[in-house]
């Protein structure tokens, strides 16, 4: 049973009893909570696609560990083609979900960790790479959902982990025991964690010797003792709480904070512990992979943004106006560039000693830089095209009111062929696409902030070679 | 009593009994509703400022009708200095309110209507200008709040008012009676209407002879029979409904739809009725004035955006990082340009036959074009500077929970000198500033869409003169 | 001898006697003219690279027609990998030449023509495809330079070819003879034509039945009777005419106008003649290929721009200033995106019935749209980094003057380790890179103008599918 | 004779015998040199305008020193209106000259120096302010041209003046004598110096005590002994040297380097000498004034850019195409914003102790930041609109050649009503506007580089106040 059905996925979550708080309340079954269930539905949709004839072409592939067909979300990247297919898969899913389905963080993390686990083993004779392969094999067999816990709360950003007044501002080992380690700290912006079976915890930055207790990487089930998830509130919550005006009729996103209140992790699930020189590369690998993932998924969301804008324009009778068509092209320019750079980063990938392929960092960070800067403009263009009705239409509850409903239906009609209800639906979708804070902020800060992307580009481009090219053409002797 | 206190303002609203629906419910006292009261507070703040020693310098001026000190929100623009002071007043208020206080639409509308009322009287011997002055005089005396109803629902945008299948898609006169007219239609995006005493209704576009029933301008009290207000839902509603995590601790915005279900208007409050050739100029005047207003108010909001970003950075320990300071400058560049162009549009204003001054349309539309395009970037920069915590922090309710509250307080601490509570407050403010859909969409579509601004610039720039300049310099004979 | 040396290339040009005018003078041996010879040197450099161990990996490949190793500039694109290697080859060459070497237009044209020659043959039983293959085979054997003549002078742009007052504003057949055709017209912006052996003439737009005499495609030697080349003047000509201050010490670009004054073309070199329905696709194919080429070559030039800026900054002592490094990253973002989209357009290419692969049009046009908009910003950033000395330094002649030379050398010194001469050289290179009009305008208009790219993107994106995605997510029934 | 005629201006230059080198040759009468005379013509045009009924309204005003009518280029800014009129004057002149006429640097410098001369006198009992007034009075009487020498060559940018290996990399006092001082150094980018009567030398940066010999400000005639001007070469020089294809038929720009080879300056013309704490403010004042000037002059040039683009489009038959009109609006948006911010910086100016008004630094630097970033885009749009013929048309010499001239005239025709000659002229003007390096680089680096503008904005904006606004709205106690 390496490929689950959506039903099996939901069933499997019932065995988990994560400690969960939502808006101040302890919640027993978070997956059914109105603020959570729409993201669970997005994850479930990936399972549906794994069983769909078209979807499985992208989502299912033979495991290099077992040969068995497994979810691509749980597979190592063993070739440029694996990376290319990942981008296409994420684009395909996002086109159909219109937002996040969270399984890519786990996928990117197992690969990012794998490269350094291997490297560390070579130097120190550790056995992290074997442990990780074992963990992944089991994950593949059960087709589980893994979220990657990367971002620490960080306290004072000007200080390193070991310099913080409170030593817990970065997750760290507080006790080394015979059978495992005890960890403490907090990871934030943990997209979808309440819908996952496992967490794969990765250091959030490069570490120095003094920080070595913070150089820790491990896997842990989401209902481990001491692991507490707290829902992080966002925009547009009144709608799911009231069960109407959802915009995206089925799917949504949330990003909790996950507290590690002295959580025990057995050694078999520890993939780095103290070898601080690998911490930085783990998170850099993760960043590069995850920016590469965004190139696929945000292009897919972009197609929805464009389609929504075009539908709204059409429903208002202005779909083919010259300046609006021009704006469609400007929107596509951005989404296709994001996608194109991720495709190129796959083609120009290189093999690491572990056998895992790593993307071209300049191209994957270029993709993300454009996303960070220009998806905001794509969204702005969507709003510009769709007009003011994207933000302040009456509620479904008003339409249902017999006193005013008929009048609203009359007055909010657009072109003759489209019902007011459908027109309102598309405006609500646009509102969701434009104002779901978790999505918008992910465009900018997901997989690291723009300054990180710039630094990564600078670090990985060969500036000396570029200078030499110029000097030679200028007739300067460069020997 | 030409200047009211906030208390008098609230008192005066109690005499009104507007027909109001909010999320499907008929509401008797909308001003106390959690979704409405924060905007009422913003309006009340303008009254407080009228009585404040510093505030009154900008907000209060002698009426040209009576000589008495009146609210500048109810005054005709009688000089470039009136226009300049308007811009400064709006900037000042927005800096202190962090968003909309809605009284500028009425101010801009009485002036926009006044110019054409005068012109129409000259041609047709009507008495609109005298009526309007009378109306304004009374408004000044009672220091009332007027909202301007401009935007119709518009149906199929490709069709003119008289071509629509449903003749009510633009507000129009359905009956002319001896003592007045009866009007039907719907105005949408009516910012703050539930906090106003009067509506001043202005045609939304230029009209032709066939549309002459749509060329109608009038004032009406907000509790007139047949006038129905329906709350338009936006983002971030769960927070005020739950009474926590507000972001802006005191102020907010809403924009209802206002239905005119055969509302009677006595002739004394009618300022245009059928003289279709003045409809277009009324709304164009209004647009130019209102884009000019935005230059002041959005610069003021911009100062709050910049201050919020800088506070968040400081609270996280990165306030003086080089690339962040660079971003502050980029943000100011935009907000100051918006303001500067509105200042310049005041200086380069011209007197109309009515004695009312009209702003330079090229400069005021330039201001708005930059707002429409670049305020999104200012907001994006604020998010980029502030980081991911702007969107998914736990709720005040979680902090209040004894099980997890202390842990959250521990883990969400930034620099030593700032409490977690204050840090969370600034992130919530940023969330409000970035995701309050009514504000964001107003940046783009308030006072007309960007294409309208471009058209206005083209129409009012002397392109033939520019061509001649070039031709002459090129040595082409231009006779 | 399918691969020529630079010497053989220069030798081969001596057999040509093209009719050539430069600045009003008839010139016998244009390749030695100071305004021409630096582009000939760039072309010769491609020959050198064909014989270079590293260069040949990219520049030389087996012919699918003969199996013999031939120049990639004369090869059909028979696989995604052919397209990918083209992009890499052009990047490599541009990095080393710092500008144009012109051979890509011929390469793109033989492929663009080939696809439609094949299609036309299938429908009409013509033999264009066989003729073209024969022509290419001979071209490969002699390793010749072909330029593609696409852009007509176009007269009044609002009129189609057959509607022009002067019928010659688009090149057309004026006589059909037993042994060939006679053509008349003028092609403009013919980069490097004076350094080429052959012209491959392609229609510049889609044609209708009335335009069928304009639907003509053929090859012709550059010294054919009636073919007249007139040098088009650009910027920075005083420097080569005076033999100093060149900036790029070896290479440059020019773009003549080519007049066809009743030129005879034998049938064996005619590849379309009257089958108007293929004209549009020929030029569209060419455009898509050529935008794809730009993705490689302009990224290579971009590397030189970045290297030049970094060298100038370093020579002035500010190479590592934070805001300057940030600008390097912004420059790379653009150049890498242009490149990445062309790489992706190769990967997502498709086979045509002729067996020639065609690039993904959305991605290749996205690459070009970014080039058209953002290379100007890359250049602006280069100037911003390098400072004012990029534009107004004294001449080499001043440095050679004994009265002032020593003072100039003293005062124009930057950091201690770099001679003034080298510093001046890099500023002159930047001047050349920033102000060589043929290069700058090529960024914008080469391979079609930005509006064409937008239209191509719109035509090739599946907008209906995008609308369906949005509608489905909004909960609208789309059946 | 406080207002000269153009003839008197030319006559007055004959009395000067400046030491001048152009392209390696010593030149006796630079004003007649083909590379210089077109800028002299631009300066002469300002004199014509001083005598023109329309022009004099802007260019002539009563002196506050003598009451006599004088050139505004030699007047202190005594009111916001003086500053406002300056902006309008510069816009007016640039519209008619299409580029630089250089007299604004002297105007801005006398004011910038005046403020600090006054301040220094107050502190140290010096008599700089009286001397400066005397100097200006004489300048007014003779209506002379003054250029301001600000920018030093600077050597290693990472070092302060006194830290440079060669002490002459910033201009400094090498000898203090009884009757005056001797100075050495070099000023670069000295726009139009060869057309001026006087230089007013201003320190280029803030100075510390160790740099006090560099804190020197003085006036000197352009033919002073030891003052050597060396022409700095730019683009488009072949055209004036050949006397054809000029583009701008009458006017152009150049920017020499000016060497001070131990130049003696009598005390009466020294306005700062060692009081280092005023050096920084002098150049900051100058920068703020000069950025303010650019807001007028570059808007005027922008009108020519727009007019040229529109003429080219019209001549090609596409003047009213929708996407082209949209681009006109985008161009105006930029030029009007630049202008608007300078107008606003005038309105919001403040009086200094000297009685000279200083512009609002945030607004004037905002104007310049937009110029630095977006004029490049305005130019790019001009090229995009005008098309490829802006860069590579044959020369006037080709049109004059009887063999090919008639064919060129035939083939380069656009719409029927316009001659080919006129069409070519407009393309040549666009080439000049797009590729005259001195103008383009001035957009970016004139009056300081963009980073300087950002720093100035940050230094002059009240960031603490903005933070307080945000904190208060967030509900944070700010005491």
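Every chain is named by a letter (A, B, C and D) in the order it is written, and numbering of its residues begins at 1.
Everything that follows uses one rule, which is that contacts are C-beta pairs under 8 Å (C-beta built on N, C-alpha and C of every residue); 3 or more make two chains touch, one makes a residue touch a chain.
Just so you know, these numbers come straight off a predicted model, no measurement behind them.
Visitor: Greatest Cα-centroid separation from chain D: which chain?
Guide: A
Visitor: Note the rotational component of the Cα superposition from chain A to chain D, reported as an angle of 0 to 180 degrees in steps of 5.
Guide: 180
Visitor: Approximately how many whole Å separate the CA-defined centres of chain A and chain D?
Guide: Chain centroid spacing, chain A to chain D, equals 51 Å.
Visitor: If you average the CA atoms of chain A and of chain C, how far apart do the two points sit, in angstrom?
Guide: 40
Visitor: Approximately how many whole Å separate the CA-defined centres of chain A and chain B?
Guide: Each chain's C-alpha centroid was found; their separation is 37 Å.
Visitor: Give me the residue numbers in chain B that touch at least two other chains, ranges are fine.
Guide: Answer for chain B, listing residues that touch two or more other chains: 323, 326.
Visitor: Of all residues in chain A, which touch chain D in the complex?
Guide: 322-323, 326
Visitor: For the complex, which residues does chain C have touching chain D?
Guide: Touch residues, chain C against chain D: 21, 23-26, 151, 153-159, 165-166, 168-169, 185-186, 188-189, 228, 230-239, 241-242, 245, 254-257, 259, 261, 316-318, 323, 372-373, 376-377, 379-380, 383-384, 387-398, 400-401, 403-404, 407-408, 410-416, 431, 434-435, 437-438, 440-441, 444-445, 449-451.
Visitor: In their complex, what parts of chain B are in touch with chain D?
Guide: Against chain D, chain B makes touches at 84, 95-98, 247-251, 303-308, 310-311, 314, 325-326, 328-330, 332-333, 336-337, 339-341, 343-345, 347-348, 362-363, 366-367, 369-370, 422, 425-426, 428-429, 454-455, 457-458, 461, 463, 465-476.
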